[in-house]
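You will see two complexes here that share chain A, one where it goes with chain B and one where it goes with chain C.
Presenting the complex of A and B:
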């Protein structure tokens, strides 16, 4: 039995950055890449199931250009058995829905019993990809899961969704299913130096949309549910910064707090 | 294709307040003056919610009975797809909420609709629907449109639009959705009570919140004492609660508490991850202290201080003796 873990190579911004010439994204020179924090928890959850049973294969999949291999190598170093990356130029400009179409195509090929995705990504936070994958596959799906009980090979899993205000909703879901994993569901492991070295030598299977049977018209802007018109820095985009020594800063903060805390000041 | 359809959210028999915010969002997204706004209630007994959603700006309430008593994405998707097909609205609004995380994207895929989430601004410009959301940890705004899409589903951020004042007398209709197979069955709701205490973060007007930057559990006490001296309630971001350093009930964010009553929010050692911002971004005065000048929290804060949080805590304490 197999668990497919969909991961994303996210980007964060430096303090200073510039918008690209076409005004639709940040200049790639200012992007700092890393494995999405949520996906670390997804992979760990898959590893827990793998280690509790036998014959469980964990496969990490990522849609992205060559530099996304870095995210997949992290997954390999933490114990994923295989890694798949999907890309060609036609994928550029795809939104979460078009990306989900590709991940669903990989799932059709791999036939996992469970597919994990992070609740959201730390960069664009669409919170859409996993559930969209489920829709393309017409699989049951549950989002924002903080507890999962599944016996490998079982026909259903029991999970808890974490709702607003600290309420949990326990549900039973038929498998195969897509589950989006929330932070805190487990404690992700660190990869050892040895396993990081070993992962560097492992192959990453690279697939094109064509090999997965996804047409060009279903990718990029044409295959997306939204199109970026422009990206810009909002007018009020930065706090008024309080400078000075720590004592001076603290004195100014104390003044602000006294002015604004209300009640018993 | 015309008209705006708001899909109400309810949980355990209670209307979620964000529903009324969506009605206000719908007003700003009218293509033409007078475009109709309908609120659909998808619930086991939808009639129970009609009065609660009959607020100013609502022209029609559509009661859509679904078989499931509790949240069931299969049932919601099937009902909403059928309703959208029958009514052909140009715009459908749902909240950007945990429940919507569980079904809105699937609805968009199944209907081949335009789709965007966490939208905080929307409207027509040059007869084209545009929606704005954040990007890169809220450091930039991203304006999107939906070329070629006749129906667009937008998941709208909470605490952005003010609920309408006043009631209305909307027309009430009923829509019977097709049956949906249930592949996800609710078992029970569990109040996460682990380590709950009596501090109500939602009701607190002044919150001092700590994050990953505090480093270790032993450091919590310093901030507990600081909060006491300032007269603030001590809250935290997710990593602090997940590590068990403060009770889960103190967690502020998407899946924790919303700082609903808060007027002054002091964030120390909080980088400003998206899930935390969801619980406090709306607070009128936010003061952020962080050692990292690139931290996202400075994009939403009113005042920012780049400093070591322990030195700052100590220096602040000296300003509030006794």
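Presenting the complex of A and C:
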């Protein structure tokens, strides 16, 4: 049996970053890339099932350009059996729904029993790719899962979700299913640099949308239901520390309030 | 004076069958000895291959020098050194004496009819051996006194890494073995004298024996007393027969048991010293490119040299005493790591066939295994390696075991995070690479980018001195000093990464390789004459370990650079400080690289009155940050090495400044000053800050007037 783990190479901001010329993203020079934190947990959850039984194959899949191989190598270093990257120039500019279309296509090809995704990505935080994949596949899904019990090859899984107000939601879900994994569900293992280097020798299968039977029209900005208009840093609101004795502070505060109200002092 | 016929009777009055029996017993003893040696050698050969440093000749000369001088045994324990010297020379002479008899009686005599063991030679021989016996007995007596009366804590073998009741907690068998060893040797020596005495009484009628008796003064005095006590020649003869057999068989038993008991240290300690690597802790072993597994998981992953070294341990307890982790109650004693592994090796590798591989795993909490808590307690401060009299190299053993733990991810979560951070950003602070040189912005002059302009001195600043706000002030002060002295220097800006010294000592060899390659790559793009570091940790790895990765440089720590500038007058002292200070030797500057004198000389030049702590120079006490411990939280509620050190410093009457010369020391000890309740008693300062103050310049962080 097989578990497909969808992962993303996310970006975090370096110091003093700049916005790209077209105003729609941060200049790539100022981005530090890494495997999405949530995906660390979903891969670990897959590895736990793999190690508990036998004959379980863990396949990591990522939609992204060549530099996303680094995220997949980390998965291979931690013990994933195979890695698949989907890319083509046409994919650029795709939103979460379009990306989900590609992952769903990979799932149809791979036929996994379970498909894991992180609850969200730390950079764009749409929190929708995983559930969108379930919609495309017409599979059941459970989101924000904090505990999972599944015997390899089983026809259903039992899982727990944390709801607002400290209530736990325990459910049983039939497989194949899509599950989005929440932080803290397990303790992700450490990928030593040596294992990452060794993983560099393992092949990463690169597929194009074409090979997956996804038309160009369903990808990129054209194939997306949403588009980025602009990205910017909001102007900082002004704040000032009022210093001095309590009386002085009170007097200054009263003065400021009068100024803002625009009334005569 | 000498009777040419003087010699000693050997088998006189023995029936041929008795002589044959003796030779049979002797042959059996030698056979058992030989078998024991075979078993031990087979055990060592089950280890991995080892490459030894330096030529055999040089190592042999060094080993013989160490053994003959007893230099390492006398260090920090002079009485033990003196007593061991008496035992060693006494035993060696007595052994040589016995061999001389064999040479004369069993080899040269029967083969060539040559006998030299008579006359003047014999008499001098007698005298020398009598004195040697006294030396041996006195030495043994002191060792018994140490164990029985002084009751030194390091000799009670209490383990910090096991709890009472654990199957391998009890070490009383070691104590029994110690006593058995001492008593056996003593009884052999004493019965030797008694045998000599009764032989004199028995043969008192023979002038060549009796007239030369004072050449065996101890035996002669005893014989005199026996005669006075009324022993007849006949009785002497009977006693002689009994004592002869007793003494002979005990001595042969002793020889037979050498490979099976602690007595084997005669050979294993010499072997360990012969295989000694003078940079064992300073330059850790590389992982061969093709090697599948990393570090040590199974006992057979240790090299034969390491397995031999395990057997060299005599449990003298010096490492146990010196270890900073042990001193604060952490579950680590270097001695017990060695003894555990030795017991493990003996249990698994002594028999004819190797057990299943699973039984060779040395990691865990089982009998003879080493727990991860023990391994993570180590600061790799090298105190154990430095003090070990028989050249056991604990640090590489512990790091090799850690490499396995790192590969499995068996480590503190915070350490895991730090390693990932270092991988991602190149520094342990998780700061952007671009911010590495942010501290230079406060300077009134630009600092050269050595990648763009040639410089004389390339300053490798290091993570703490670059990113830690307190240490940034020190870096700024050092930059001002260099600038004022007209030193042409520059830094690597974002081209510098964490030097990797501590990453390597954590056991993350893959990350270390990445960091070393990155720095060597950056250095290759710069043009400079020599490197200077702020951090002794960077200094150590660039100096001793980068050459293994192709990076060979002229390098010094800032202390020698500053000393030169002061001595050459390029920095003039305007205001001698007149402070009462003590100096803490950083492990990586002092013990690791012998940089003891430059900081002390600087302190003298800037007019400080240096009062040494008890533990200084080679015996300096680690701040607790080494080996990656700075990235691991200390358990709450227990003592810390830095607090222990602060208490030691606080004992110096009138101490004003505790001087450090390592960024991590500054961080550790400023924290510990508060934590140990000594705040206000004295202050912690970087040497650089004191130099700057002595130059009469604006003071970065002056010593409070109340103290100055």
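In the analysis below, the second predicted complex is superposed on the first by the 233 of 265 C-alpha atoms of A that agree within 3 Å, B and C clash if a C-alpha of one lies under 4 Å from a C-alpha of the other, contacts with A are read in each partner's own complex, and residues count from 1 in each chain.
The working rule: a contact is a pair of C-beta atoms (placed from the backbone, for glycine too) under 8 Å apart; a residue touches a chain by one contact, two chains touch by 3 or more.
None of the values given here were measured: they were computed from a predicted structure.
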First, second, both or neither for A:15, with chain B first and chain C second: both
Contacts of A:189 with chain B and chain C, given as first, second, both or neither: second
Chain A residues touched - chain C or chain B, whichever exceeds: B
Chain B versus chain C as contact partner of A:124, first or second or both or neither: first
Partner chain in contact with A:211 - chain B first, chain C second, else both or neither: neither
Which of chain B and chain C A:111 touches, first, second, both or neither: neither
Which of chain B and chain C A:239 touches, first, second, both or neither: first
Contact residues common to both interfaces of chain A (with chain B and with chain C): 14-15
Residues of chain B that touch chain A when the two form their complex: 11, 70-71, 73-74, 77, 96-99, 101-110, 113-118, 130-131, 134-137, 139-147, 149, 183-192, 196, 202, 205-206, 230-232, 238, 241-242, 248-249, 251, 254-258, 263-264, 266, 273-275, 285-289, 293-294, 298-308, 311-312, 315-316, 318-320
In the complex, chain A residues that touch chain B: 11-15, 17, 19, 26, 37, 96-97, 100, 119-120, 122-132, 134-136, 140-144, 158, 160-174, 177, 180, 182-184, 221, 225-234, 237-242, 246-247, 249-251, 253-254, 256-257, 260-265
In the complex, chain A residues that touch chain C: 14-16, 32, 34, 187, 189-190, 192-197
In the complex with chain A, residue positions of chain C that touch it: 287, 294, 406-407, 409, 411, 413, 416, 419-420, 423-425, 431-432, 434-435, 508-511, 513-514
